[in-house]
Every structure is written in structure tokens, then in C-alpha cells.
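Following are the structures in question.
Same chain, two partners: chain A is paired with chain B first, then with chain C.
Our next item is the complex of A and B:
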């Protein structure tokens, strides 16, 4: 077991290396020369060459790569080209906010997705199931951007339950409750696609295990519906739930970036979107790398969780 | 000889052409009609649109639905919403069809390679594909936008990247089943080379699955690219595009002019559902 986990951790290293190469490639492949674009109006060719030298842009590509990696491990993380301040100072606070949004959205996707899938699955074929699946189909095909707008319109404008956007009430005390009030609507919107993927998965898993021989045996022995669901079906759908949670994390991250702007959530998506027109590569690269590394870490954690849930591995087996 | 009439009676029902069977499925017909209609409208947009989709009329902004000359009202710049709606599907359909076709081609090659390559190559390939399954494709969109500047190519690249792992998986698992069948063994024993077996024996058996899968992928990606365009990564202003129309209508949605953003959202939903229905209908016909 421990060996298996260690192997998984080791396996992540080449992956991180490849990702860092690809992210580094962004600044190399772009046609835009940020230094030239920003300064060519004002400076002579000689002065531009000096600045390129200062940023290390005149060195061989592999030296630039090494320098870039080194700069990521400094406290500033390199210098933004557009705002002339440290990259991490711009990227980290926004990343923290995005992480909070992604965590909340994942939680909602799992809780609601499992709930919807379970309720539809145990009523398989009946009206409630068919209605739920119709809603799931419609929800899966809704443009997330518009869905976010409608949530704001309903919860903030029509009903006045929730704030229309931002992270904190600027006039109020702030605090945890205030943050949660601001978090719930964007998290719900960001979770939609992933939630419905989980719902369909769980429904299928419930139906499959409902129809399995051993459940039929339990039922014929007189076990109640509640005991069967709690003890047996529930246990059988747990690994698929962890598995799908790993699978939807990408769509939840994508969803979070989609809705940040609508809900004025000060996250990394907004930072990256505003860095693109100015070709602010240090910020773009640091932001993308940070999300990609987060994705790898979450993937690793779900893989390990699945190992731990797998009884064949848990009970001292050597694994495969 | 008495059995002959019975067989004759049975054959036409079983051997009905796939198209005829497709046309008997209600959801497939509904999906196909909607898609046909939208494709037609998109192609004939210059003839059908009552106004220039990009011409603003500052004196007539946010006209209500049903105003004279503006059946669906006007947007914040006084542009005719109906005309923009008629033009707005062009980019979305083009991007979705082109990129899904590319993804199907690449995914089929990778899936076949995964199923027929040696254990190590296959293992590495499929593990990479598994990892890419859950990859946040928004990162691809942002990276491409940083490299190429936002535009249609960003949408195509992102959809291809996002769809290839899924197509590869579908083709891989089907090809693995086919690989064990007797006809492959037979072709091999007749001396056919591995690539020839793939191209002439295995591939034709996978086509229907790939088509079914591709159809539903188009629907999913029309929705997805609309969101990318709404973010500003795809179709650029002033071009009319359903996704962009949603983000342009965002500001006025909460102040009572819901139509500007909601009509394009409804169009996206309808077209995506239509592709879903067609995909389901195709599944019933081709993979009964």
C-alpha cells in the first residue's frame, strides 16, 4: 500500500516537468514581443536590447527555462510586464480566492450530484426519475454564463436573498457568514456541469447495483429498503463517487473561471483574462502553472483515496 | 417451400435502411429538423436577417420585444437582436463541426493505436489520455489565447484538445473488443498486415460508434464554445455570436431587458439538445 502511494507520488514528477515545459512554451510560441510592443515607440534599438538583456530574453531557450523555474521559487516569482510588480503578489491572492470557489463548487457538485443521482436511481423508470433526467439534460446544455446571470437575477434582484457579487459586503462587518453568503451563488453556478455529470454516474451506479443478484437476495430475505440502501448500495457507489469527483474537477475549475467575471469574484480567471491582451507572460504562465499543479495534486489525492477505498489493497495485498 | 413467404415478410422489417429506421425515431426526427433549420438559417443569414446585425442605432437602444421593425427588440447599442440571432449561430456551428471532426480523426487514430500497439506504448498512451480526461480545458483556452490572441482558432484548438481523450477512450475500448474477434484472426492468418487489418477490417466496425459519439460531442461543444466566446476568448466583437450576445446582454439582463441575453441562450440550448436527440436516435438505429 505504502509502496503504491509512493509510486504514485513519484509518477507525478515527470508529469509536472512536462506541464512546466508546456507552460514555458507559451511565452516562446507567442508572436507578440512584449518588450517591443510596449516600448518600441519610445526607445532606441540599443535600449530595447539592454532591456531584453535585463529580462534574460537574449539567452538560449534552455537557460531561459531554468531562469524561469528559478524565478518561480523566489518570493516575487518574477516581474509582471504590465504592472511592474511581483508575479506572486498578483497571482497568489487571486489563486486563493479561486481555490475557495473551486472547493465550494466541488462540495456542492458532489453533495447535490450524488443526491440527485441517488433519488433518480432508486426511482428508476418512474415519473420522478424521468422528470429529473429531463432537468439534468436541460441543465447540461445550458450556457453556464447565462445560468450565472439568471442566478444573480433571481437570488439578488428578484428575491433579494443573496448579494449580487463580490466576496465581501463592503459596508458590513465581513466575517465568515458574509463570505459564505457571497460564495454560495457563484459556487452553485460553477458546479452545475460537474454536478450533473456526477448525478448521471451515480444514477447509473445505483441502478446497476439495484439490479445485482445480491441486492435481490437481500430483498427476498426481507431486508427493508432503508437498510439495503444504507448498507449495500451506498457502499457500492462510494468508489465511483470518488472516481467521478476526480473526473469532474476539471469541469469545476473551468466552471469557476467562467463565472468569476459574472459574480465579480476576484479570482485567478479574471487576472489571467486581463493579462492576455497585454501579453503579460510572467503572470499568465504563473497562473496557468498554479492551476495545472493544483489539478495534478487533486488527481493524486483522489487516486490515493481510491487505493485506500479498495479492500483488495487495504487488507495487506501487494497490489498490481 | 411454405417457409418462403414468411421469410419474405420478415426481411423488409429487419433490413429497412438505417435512414428509414432513423426517421421512425421521434427524437431523431425532432433533432434533425431543428439542426436542418438552424443550418439553413445560418447559411441564408444575409437573405433572412431583416437588418444589418452589426449596425447600431443609438437613438433606439433596448427597444422592447415586439417593437415595430425589431421583433426581438434591440440591444444596448441599438442593434437588432433578431438579426444578430440569425447570424449568431454561424461561428458556433462552424467551430463545433470542424473541431469535432478533427477530434474524431485524431481520437480514432490514437484509440486504434492504443488498442493495437504493444503493451508499453499502449499503457503510456492510455494513461496520458486518462489524465487528460479531467484536465481543466479552460487552461488550454487561456494558453492558446495568450499565444494566438483570442479568436476562432482558440475555440477550435480547445475543443479538439478537450474532445480527443473521450473519442480515444471510446475507440480504444471498442477496438479492443474487435481485436479479439475471429475475423481479425482470420485476416491475420491470411497474411494481412496490421495496418491493413486496422483500416479495412476493424475501422468500418467502429464508424457507427464514432458517429454517434461525435453527434453528441457537437452539442456539448456548442454550449462550451459559447461560454468561451462570452468570456472574450473566442469570437470577437462586433461579430454577432450567440455566446458573445449573452455576455453583451449581461448588463441589461438584471435591469429587465432579459431578452438580449436569453434569446441566444435559448438558441444554444435548443441546438445542443437537438444534437443530443439526434445522437440518441442514431444510437438506437446503429447500435441496437
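Our next item is the complex of A and C:
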């Protein structure tokens, strides 16, 4: 077991190296030019060349790559081209805010998704199930952007229950309650797609489990519904829930990037959206790298969790 | 057994979410805030919702109007404009200089500096401080010379011949050519901002550090910036001038149009910029003020891609301009909250001429021009590049171009990617969006130099020599009485080349909550916050 985990951890290292190369060279290969884009309409070619030189952007690409990797291991993480302050100082606080949003959204997605899926699965084929699935179908096709705007319009503008955006009340003292109040709507918007994916998986797993022979056997032997659901169906649908949740976090992170824009949530998505127009490479690269690392970590954790949930592996089986 | 009540819970929860979406939902909306009333009040916090994340708080390196709307509260300029009136070209008024003389045929500008002014870090503002500022972007031998600043500031200072400290309170700028617009360019916004920073701050924090530790002499000082979230300024308690009413100003970027409007509606912010035309009427109905200004020096224009084969023919460019009904565009797409622009000399410019029309709307003439150029209907094809907010405009153009036999396709991008795309044009691209505009009359020269000359456009017009001569004549003029006439002549010459395509100017832009008093939208691309107050 320990060996499996160690192997998975080791496997992540070359993966991270490849990711760093991709992150760097994709942004280099793109048409963007940090100086030209921001100022080209307002500067001459000579002036642009001067600025490029001042920022070291005229050095060979591999030198820039090495410089970038080196800078990642400094306390500043390099210097933002547009704001001229340390990259980590910009990226880490934003990342923390994104993690908070993603964690809240994932929690909502899992709790509500599992709840909806379970209830629909148990009532398989009945009206309640069909109605739920219809709404799941509609919900899955809602664009996150549009859904976010509707939530703002309803909860903030029309009903006045929740703030229209931001992470805290700029007029107030802040605090935990204020933060939670600001978190609800964006977390819900970011969770929607993942929640419905989980709901569908859980429903399918519950139905499959319910129709399996051993459940029928239990039932024929007079086990109560509560015991069957709790002890047997519940345990059997757990691995797919963990597996799907791992995948869903990915969609939640992607959704969060858009949600942050709509809800003015000061996370990594907002930072990236504002860094891209200025082609602020150091910030964009660090931000994307951080997201990539997050994905790698989540996959690792999911894999390890699945290993732990798999009794065959837990009892020392060789696995595949 | 599960009770049927619990079984129904899940679909019910979803219905509760979905129902308002499906029915569209009604409900009255409450417009926020108390009325500020007629009496100015000291104290309180103003929160501004900006439509873009700002660049950096270094006057010599910053760009974008939204950035200057913050920076100008921290950094002051030698002269300023009186922004207290919503109409009229703002008068040049003393700021860090108390008086000035213009000599040597408008080449030499001598400023008497205000005495007793201190930067907010306590160091004195004097001739030496101004010299430090100017040398930073003009003198390669200076220890604190900065290439980036030099490149940005070149827009105004490229032809500076010399800078002299006459005495502790007197400085002198001498240009290689007459530069009547110098005074007007000093308080101008966007890029090449002439705000004076504290030399001690630059020495202490370095070239890159100034942006994060901005120190000037202004009515507000910098407190913090959380990128992507907000920037906070607080009142400068030792300000040399009149006490500003506000104690604190917070600027918050809210890039999404609808979210920005919602933030205003819920009272999260007090003032927003760039109100989408669709929201003007509803905001007004809810009691927000959406002032009208038909002379703000802003213009939305399209630029021609001179690498596109078709557009190298002036007749085709002329046909494109003649094919578009700009009045109808302003009325329909912008719902009347914009004015048709028929000259690159924007409304609110010192040389603005409301009667100037580059080419009248005339689809028949456009068709003939295309035929004269030797093209069949449908033969000319190109792409129009726009950001997503400008997409309806681009589609309007597409439709009207189709009517004269030009086959245009529209590609729109989030404005973040638009900048990149527009800086890397393909040969198949025809038109791409731009936005700028000035009060200063030499805007004609700036527009020509950046959108035409620098892009190789002059060689595709047989009248461009005349244009360049007319621009040079206006730029070289030292007689204030001839400014208007000469720049108008230059702009007429430029219009003949059909090398730039003016489209519209906004007449609504800001929306203000009732709790705000004293806000004026002047004839400029920024506003003065020192006279603004908020209700309790």
C-alpha cells in the first residue's frame, strides 16, 4: 500500500516537469506579446523594443525558461510585468480565495449531488425521479455565466438576501459571517455542473446496486430498507462518489474561473483574467502552474482514497 | 421506508431553484441609499466600481483611463484642468505650479512652483523633485533613468530639448518645436501621465517598487491594493490644498457589465463607469443618476488593416465609411446613448467641428466606388475584429457592408483576448476596433501617427503627403488663435485619406447612487473626487 502511494507521488514529478514546459512554451508560442499587446497602439516599434530589453524579453526562449523556473523558487516568484510586484504575492492570496470557493462549491456539489442522486435512485422510475432528472438535464445545460447572473439578479437585486459580489462588504468590518454570506451564491453557481454530474452518477450507482442479486436476497430475507440503504447500497456507491468527486473538482475549478469574474471574487480566475490582457507571463504561468499542480494533487488524493477504499488492495492484494 | 415527503424533497429543491428562472420572476427592486441632499458633508467612504482591472500606480508607467482615475488622486501635476463644470473645454488651472510663462514661440515653458508643498512621505516638493521626475524618463545618464518610463512618456516628452532648474521654485522645459498642447497634455490621462512622484519613494522602493508604494502630493494617499479585488485610498491629512470631503475611496474592478450594474443596484458600490446602454433606462427608473454628456473626449473608431489587399485601395476604404449609417448605429445599437462620430476629432476636443463629415452615408456611392475599384459585389471579403461588447456594432457594420456588396465576417473576443488578436493581425483581417480620444487638439497627430503612419497606411493614399504637411503645420504652430483652424484643416486632410474610421462617442458613461453628492462628469476622461461627498 505504502509503496503504491510512493510510486504515485514519484510519478507526479516528471508530470510536473512536463506541465511546466507546456505552461511556459504554450504562452511563449501564443501570439501574445506582453509589451506589444498592452501598448502597441500607443508606442513606436523602437519604444517597444526598449521596454522588451528592460524586462529581459529579448533573451533566447530557453534562457527565459530557465530564468522563470529559477524565479519560481525565490520568495517573490518573479516579477509581474504589469503590476511590477512579486508574483507569489499576487498569486497565492488569490489562490487561497479560489481554494475557499472551490472547497465550498465541492462540498455543496457532493452533499446536494449525493442527496439528489440518492433520492432519485431510490425512487427510480417514479414521478419524483423523472422530475428530478428532467431538472438535472436542464440544469446541466445551463451556462455557468448565465446561471451566475441569474443568481445575482434574484438573490441580490430582486430579493436583497445576498450581496451582489465580492468577498466581503467593503463598508463593513468583514468577519466570518460576512465571508460566508458572500460565499453562498458564487459557491452555488460554481457547484451546479459538478453537483448534477454527481447526482447522475449516484443515481445510476444506486439503481444498479438496488437491482443487484444480493440486495434482492437481503430484501427477500426481510432486511429493512434503512439497513439495506445504509449498510450495503451506501457502501457500494461510495467509490463512484469519490471517483466522480475527484473529477468534479476539475469542473468546479474551471467553473470557478468564470464564476469569479461574474461575482467579482478575488481569486486566481480574476487574477488570470486581468493578467491575460497585459500578457503578464510571470503571473499567467505561475497561476496556470498552480492550477495544474492542484489537479495533480487532487488526482493523487483521489487515487489514494480509492486505493484505501478498495478492500482487495487494503488486504495486501497485488492490484493491477 | 422513505416517506414520500422526503422522496419529493430533491425535485422540490430543484424546482425552487428553477422556477424563478422559468417564470422570469417579478418583484420590485429597491434602489439603494439615502439622498445626499444639497449639503456637502465631510467624512465617509465612496466605493467606485470600475470596468477594468487597473494597471499600475506609477505615473510614468501606467496606462488606461481607469488607472489614472485612481492615480490622479495620489499624484498631482504642475497644471491641472478645472473639472467642476460638466460642459466646456476645462480651463487650465494652477496645481503644483502657481504660474507659468510660455516663451520662445511656444517652445519654452517656465513654471513657478508652489511653495511649502510636501509629499505625503514628508519630503519636500521643489524644483529638484521635478527634475528627478523628468530625468527619470528623459536622461539615460541619470542613475534612476527608466527605459520603460522613457518609452511610455515619449508620447509627450519625445521632443524635449532641455530641462532646467532655474531656482528652488522655478523649472523650465524647452522643446525642439512649438508645443502649444503641452499644458493640455500635462494633466491628460491614460498613458504618459505627468503626475509628480516623491523621489525619496523611488530611491527607497526602486523602479518597480513605486507602483506598490505610490507617494505623491495629492489629496489622497495610497493605503492598499489587493489585485483583482480593490484599491483603497485614504484622505491625505496633511494635504496642502482644500480638504477633500471623503475620508476614504475604494476602487473595485468589476469586469462583468451586469455584475457591475447589480453591485450599484444593491448599494455595494456608489459609482460605476461604463454603464451598458441596456441598463441606462432601468437605472434611471430606480433613482440612480446616469448623467448625460455630449462632449466627453472619447471616441470609438475602427482602424483599417493596411496589410489587407483590398483595403490598400482608398476607394474601398471610402466605400466602407460611406456604407455605414452612423446615426442609425448610435440610435439603435446604443439606444441613443451615443453620438455618431464623423471625424476622428472627437466631441469635446479643442478642435472639434460638429459639421465635419469624412464621408456621408451613401450606399449608392459606396457601390459605385467598389465598382470603380474593379470589384464585383461579394468579391471583397475580410474579417471585422471586435471585443464582445462591441459585437452588436460589428454585426451592424457587417449587415450594412453586405448591402453594398462587401462580404465581412465578424470575430469577437473577450476584451482580454481582443488586445492580443488586434496586435497580431492577419492579412484577411479588415477592420479592428479602437477607443481613445483627447481634449488636446494634437490628438489628430497622435491618431494619425499610431493608427496610420506606424501601420504603413500613408503609402496607400495619394493624398497622404498633404495630410502630413497639414499635421506638421498644425503641430509647428505657435499662435494660439490658429490652433483650431490648423488642426481642423489637418483633420479634413486626414479624413480625405480614408485611413481611419470614426464611429461613435458615448453620451452616457457613469451611473451614480443617490447617496453621492457633488459628482460631476466633466469634459474629460476622468473626474475630480476632491469635491465629492457621501451621505451618512
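FYI, the second predicted complex is superposed on the first by the 284 of 320 C-alpha atoms of A that agree within 3 Å, B and C clash if a C-alpha of one lies under 4 Å from a C-alpha of the other, contacts with A are read in each partner's own complex, and residues count from 1 in each chain.
We take it that a contact is a pair of C-beta atoms (placed from the backbone, for glycine too) under 8 Å apart; a residue touches a chain by one contact, two chains touch by 3 or more.
Because the structure is predicted, anything quoted here is derived from the model rather than measured.
Undergrad: Contacts for A:84 in the overlay, against chain B (first) and chain C (second): which applies, first, second, both or neither?
TA: Second partner only.
Undergrad: Of the partners chain B and chain C, which touch A:261 in the superposed model: first, second, both, neither?
TA: both
Undergrad: After lining up the shared chain so the two structures overlap, which partner does A:291 touch, if you call chain B first and chain C second: first, second, both or neither?
TA: In the superposition, A:291 contacts chain B only.
Undergrad: Kindly classify A:153 by the partners it touches after superposition: chain B alone (first), chain C alone (second), both, or neither?
TA: both
Undergrad: Is A:250 contacted by the first partner chain B, the second partner chain C, both or neither?
TA: Only chain B; A:250 stays clear of chain C.
Undergrad: Once chain A of both complexes is superposed, is A:138 in touch with chain B (first), chain C (second), both, or neither?
TA: both
Undergrad: Just to be sure I read the superposition right, which of the two partners does A:205 touch: chain B = first, chain C = second, or both, or neither?
TA: neither
Undergrad: Would you check which partner chain A:228 touches, where first means chain B only, second means chain C only, and both and neither mean what they say?
TA: Touch partners of A:228: none, neither chain B nor chain C.
Undergrad: Mind telling me which of the two, chain B or chain C, contacts the most residues of chain A?
TA: Touched residues of chain A are more numerous for C.
Undergrad: By the touch definition at the top of the document, which applies to A:53: first (chain B), second (chain C), both, or neither?
TA: In the superposed model, A:53 contacts chain C only, not chain B.
Undergrad: Overlap of the chain B and chain C footprints on chain A, residue-wise?
TA: 30-32, 138, 149-150, 152-153, 156-157, 164, 261-262, 273, 276, 279
Undergrad: Chain A touches which residues of chain C in the complex?
TA: Within the complex, chain C contacts chain A at residues 1-2, 4, 6-11, 13-15, 17-18, 20-21, 25, 27, 29-30, 45, 47, 52-53, 55-56, 58, 61, 63, 146-148, 150-152, 154-155, 191, 207-209, 211-212, 226-230, 250, 252-256, 258-259, 262-263, 265-266, 268, 415-417, 419-424, 434, 436, 450-451, 454.
Undergrad: If we count contacts the way the header does, which residues on chain A are in touch with chain C in the complex?
TA: 30-33, 36-45, 47-48, 50-51, 53-55, 79, 82-85, 90, 93-94, 112, 115-116, 119-120, 122-123, 126, 128, 131-132, 135-136, 138-139, 149-150, 152-154, 156-160, 163-167, 169-171, 225, 261-264, 266-267, 270-271, 273-274, 276-279
Undergrad: Can you list the residues on chain B that touch chain A in the complex?
TA: Going by the criterion above, the answer is residues 131, 133-139, 142-143, 145-150, 219-220, 223, 226-227, 230-233, 242-243, 246-247, 250, 253-254, 258, 261-262, 265, 268-269, 272-273, 276.
Undergrad: Looking at the complex, which residues from chain A come into contact with chain B?
TA: Interface residues on the chain A side: 15, 22-23, 26, 29-32, 137-138, 140-146, 149-150, 152-153, 156-157, 164, 246-251, 253-254, 257-258, 261-262, 269, 272-273, 275-276, 279, 281, 284, 287-288, 291-292, 295, 299.
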